[in-house]
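Let me give you the structure first, and then I'll get to my questions.
Naming follows writing order (A, B, C and D), and every chain is counted from residue 1.
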Amino acid sequence: MTSLVFPTNRPLDVICFGRAGVDLYAREENVDMTDVSGFDKFVGGSPANIAVALSKLGAKAGVISCVSDDGLGRYVCDYLDSLKVDLKGMVIDKSGSRTSLAITEMKASDCEVVIYRNNASDLTLSIEQVDKGYIAQAKILLISGTALSTSSSREAALAAIRYAREAGTVVILDVDYRAYSWHSPEESSLYYQLAASLSDVVIGNREEFDVMEMLEKPDIEKDDDKTALRYLNDATQVVIIKAGEHGSKVYTRDGKNFTQGIFPVEVKKPFGAGDSFAGALMYALLQGHSLQEGVKMGLCRCGDQCIKKKLY
Amino acid sequence: MTSLVFPTNRPLDVICFGRAGVDLYAREENVDMTDVSGFDKFVGGSPANIAVALSKLGAKAGVISCVSDDGLGRYVCDYLDSLKVDLKGMVIDKSGSRTSLAITEMKASDCEVVIYRNNASDLTLSIEQVDKGYIAQAKILLISGTALSTSSSREAALAAIRYAREAGTVVILDVDYRAYSWHSPEESSLYYQLAASLSDVVIGNREEFDVMEMLEKPDIEKDDDKTALRYLNDATQVVIIKAGEHGSKVYTRDGKNFTQGIFPVEVKKPFGAGDSFAGALMYALLQGHSLQEGVKMGLCRCGDQCIKKKLY
Amino acid sequence: MTSLVFPTNRPLDVICFGRAGVDLYAREENVDMTDVSGFDKFVGGSPANIAVALSKLGAKAGVISCVSDDGLGRYVCDYLDSLKVDLKGMVIDKSGSRTSLAITEMKASDCEVVIYRNNASDLTLSIEQVDKGYIAQAKILLISGTALSTSSSREAALAAIRYAREAGTVVILDVDYRAYSWHSPEESSLYYQLAASLSDVVIGNREEFDVMEMLEKPDIEKDDDKTALRYLNDATQVVIIKAGEHGSKVYTRDGKNFTQGIFPVEVKKPFGAGDSFAGALMYALLQGHSLQEGVKMGLCRCGDQCIKKKLY
Amino acid sequence: MTSLVFPTNRPLDVICFGRAGVDLYAREENVDMTDVSGFDKFVGGSPANIAVALSKLGAKAGVISCVSDDGLGRYVCDYLDSLKVDLKGMVIDKSGSRTSLAITEMKASDCEVVIYRNNASDLTLSIEQVDKGYIAQAKILLISGTALSTSSSREAALAAIRYAREAGTVVILDVDYRAYSWHSPEESSLYYQLAASLSDVVIGNREEFDVMEMLEKPDIEKDDDKTALRYLNDATQVVIIKAGEHGSKVYTRDGKNFTQGIFPVEVKKPFGAGDSFAGALMYALLQGHSLQEGVKMGLCRCGDQCIKKKLY
């Protein structure tokens, strides 16, 4: 089975590209937004969560992101710094953008999340703010696909991928599709496809791959095998299709594939699991474990995430 | 001394025009934003606060405002409704705007407030959403000046003032200047002046009047008497210049003026007092009290506001 | 009958505020845009035309306008300069805007005009670019209403009016309504009304006054007497309602009014007449003629304009 | 030497993607913009010019473009239709955009061109307006790189390329770099590179390839051999580097290259030649000629273009 080869002698293991923000979790469980009395404050944002997961596991992680020049931005930086996440790629914006903010209920299902992403700081990242040399210092560049949703972050993310390919840094695309961030599903499909064709590993769930394929197939096929084939014919080496409680299917360029089931837990909130998965998977691969072992270790971490407000 | 005359036989006492949003107050007092563990949830926004103050005092208050179609927007509506604030003028926006949000420390001074106002729902109010007939049902239209900062709320507010003048509804402008909402101080000066020239009462502090006068006087005079004269020569009948701990100066069109001192308290946060003042002042005037009595009653309520997270 | 009083001892007679641009007139008459072989080049834009008309008559005219930093912008400036129009208020924009451009057929009726006004230079004028001292040097400030259609020109025009009132410069508003420049008819009504209430003279045709009144009267009355009354109760001293081939009705604050018929000609194109009218009217008034004489002289010039590509 | 293989049995030879607009050429030669009396009217825009060139040579050409719903837009459509250019991909925009317009002096050097491209119709093309089936009907899709400069045309062009690859339509990228259309050189580099990596043939001059390479090489190398190598390692089969009076260098994937000189003429205006080149080159290749013959025939047509206002 295809195995990923990482560059050696690099000071950073993984740079996570995309949003870092604040999550406010309802103080009371199973209470509607209208009735909760207040919120607990955490750092959030998928790439930031993944960097934290990696750092906790012992890997050397950094972020390329942007927060606003205020107390919430400082909080994000202080927290990441306290966990030894490298902040050389963190931009502090003073132009009026605001740190990404998610305000959420605590429910196992029908869990409302109100997102403040109008002029979000991370989406203001621009090509000029991405340091080619910094990316060359990492073994892996993880791109959170939401960074592709809007200019100028879109261009910054695509340039980062280009720099990574030039430097031999392995590119992993975590699709992380959020419809509200995009102008249209057609644009999502276009840019995800461009980014995937330049990535070594693509991670997403069935719905996310459906969006990615919509320009080719307006009537979605939902056929994992065909989906994998599409990407593996291009630069991509590994395709991972996550299926929630059904585990994950993994396809590699040599035509092999396998399925890994999950480890069930009692869920308290329906998100966060993907970040734990990505973090643990990359950590395992960097440690020299096989893809099978990596995916197993990744899924093992998912459950933990769903039973607490924050694992980390 | 000039006394304001209100129309009679109207179902509403006051309609408050402008933002209604959510305030998140730091759970811990005198702790930096970075270190607070979480936040308590309240309804905020100056015009919403004033409507609540009026309603608590027994007046019939309504709002013309806009919130987003989500749990936070519903919270604002439910809360106002529970206090019998009339919501016929409340718009629910589904276009991607977000309910105005303020996240604040609890400190008596150097108190940081992080404001989420990028594409704020209340600033999306447009002329077409303002019902001329609704404004004709109130004795007073209170305009929160921040509504003038940005199109299309700017045009909605100016149209509301025009409708009020046509209907004989008394117009009160609460300057409520927030520099970050405006394109430039010159624009602030221009539109505040236009709105003030069409208002019966103008309420602001010295710094706010300085901004309003900057197009005439780039080198600010800070002369209350001249300021009052400028507005009273126009349609304005009463000018109230608030001076924080020094109380308020009140000027009327007949050339009279008086000063009213404040009632000192131990301050826990440096905001909210102005809304209590405006609410109590209008209530007193509507009850038939004189301007002197109204201003005294208004200042009396200010102190209460500063010693709690929320008076209401 | 009310007569306008102008300040004396001022170096400029009239400053015309608004667009100055290029008109390209079809080389062939009565030929569709598709089939014309080319175009003749002229300077255009209502305020520029009025300044030229005034200058040709011997008055000292200036413009506050903006053109792009290219050959067409230079052409506009050179032409105006050659006719002794004062250019101290002309801004040259280098930010990517383009000089206003109109490309037109030459037909007496059904005459198509293609307008290039996306990011037009004159609409980029901002408050900061309007010199209060310059306006104080003129007896009259003529505002072309199209300048009110869009920010930041809107604010610049309103500030210019404010400066003029402060300096005793007489303000004349030429409504010059172009629906395509405005966000909505409601906005047009709002800002025209604000500007009219600050103007000494308001000139428009019936359709333009209908737009101005739409916020009060969604079902238009088309009653000239009521229209005039509305404005004359405010700061406005004179209202002129143009009626094309039926001449003009003039109302003054003292309750008087008169009608002046036109001088018929064979029309070659259906525009340009209004600018000649405004120019000649102002010239006559500045020369000390009565309103009746001024309007007669204005209408006298209208016909001339319609029989040539350009009178001037 | 690598030779391009085109699909057969397709109703269209070439679809040209990008702007179609109006060119206004100064009536007088060697006269400054300020002093010319008027302009002659032609259809312009690089992709439209190429389609016309192809159609004149006998090929079946179509365009994917957009013009405004007015006399100038109709002129463009009527003219292309009269030359049998297929217009099924032509969109008529009614949203306020304007047909691309270039107003130009007639000079051999220092020839000023004033471009009206603010909200240009062709740049409003969106993914939804690009018909996948239409692209599958052509042997070649020619992309004019300026279409990549701005959303939503950028996404439409990238989607068109994707559809072409899926359908086996040969993709030719004519770089056609216009700095004023782009947000930044970095963005130009990013998107040109993405488009080039998906194109079978890339045509540009040295300056254009420098821009394309700037993200990799901020200090430009200007080394044609290295440039060609960069693209030929990817999907690109042929790279053509035009050098004006020095002719063109052509590189193919099999490592071969050749240089073709030009045929000198007395130049009357310094543009238009590239469109003739592209048209004649594609025509020759479709006729079964070799790359060498095609480039020779292309350069042969360049000179003709520079001695008239319009060849076609």
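Here, a residue touches a chain if its C-beta (ideal position, glycine included) is under 8 Å from a C-beta of that chain, and two chains touch if they have at least 3 such contacts.
Source: prediction; values computed, not measured.
Ranked by distance of CA centroids from subunit A, the top chain is C. Because subunit A and subunit D carry the same sequence, their contact can be compared by residue number, and over half of the numbers here are used by both. If each chain is reduced to the centroid of its CA atoms, subunit A and subunit D end up 39 Å from each other.
Separating the CA-averaged centres of subunit A and subunit C is a span of 58 Å. Chain centres here are Cα means. That of subunit C falls 43 Å from that of subunit D. The set of subunit B residues touching two or more other chains is empty. Listed by chain label, the pairs that touch are A-B, A-D, B-C, C-D.
Residues 127-128, 151-152, 155, 158-159, 162-163, 166, 183-184, 186-187, 190, 193-194, 215-216 of subunit A are the ones touching subunit D in the complex. Those residues of subunit A whose C-beta lies close enough to touch subunit B in the complex are 24, 27, 32-34, 36-41, 68, 70-72, 74-75, 78, 96-98, 101, 103, 105, 112, 114, 116, 118-119, 180.
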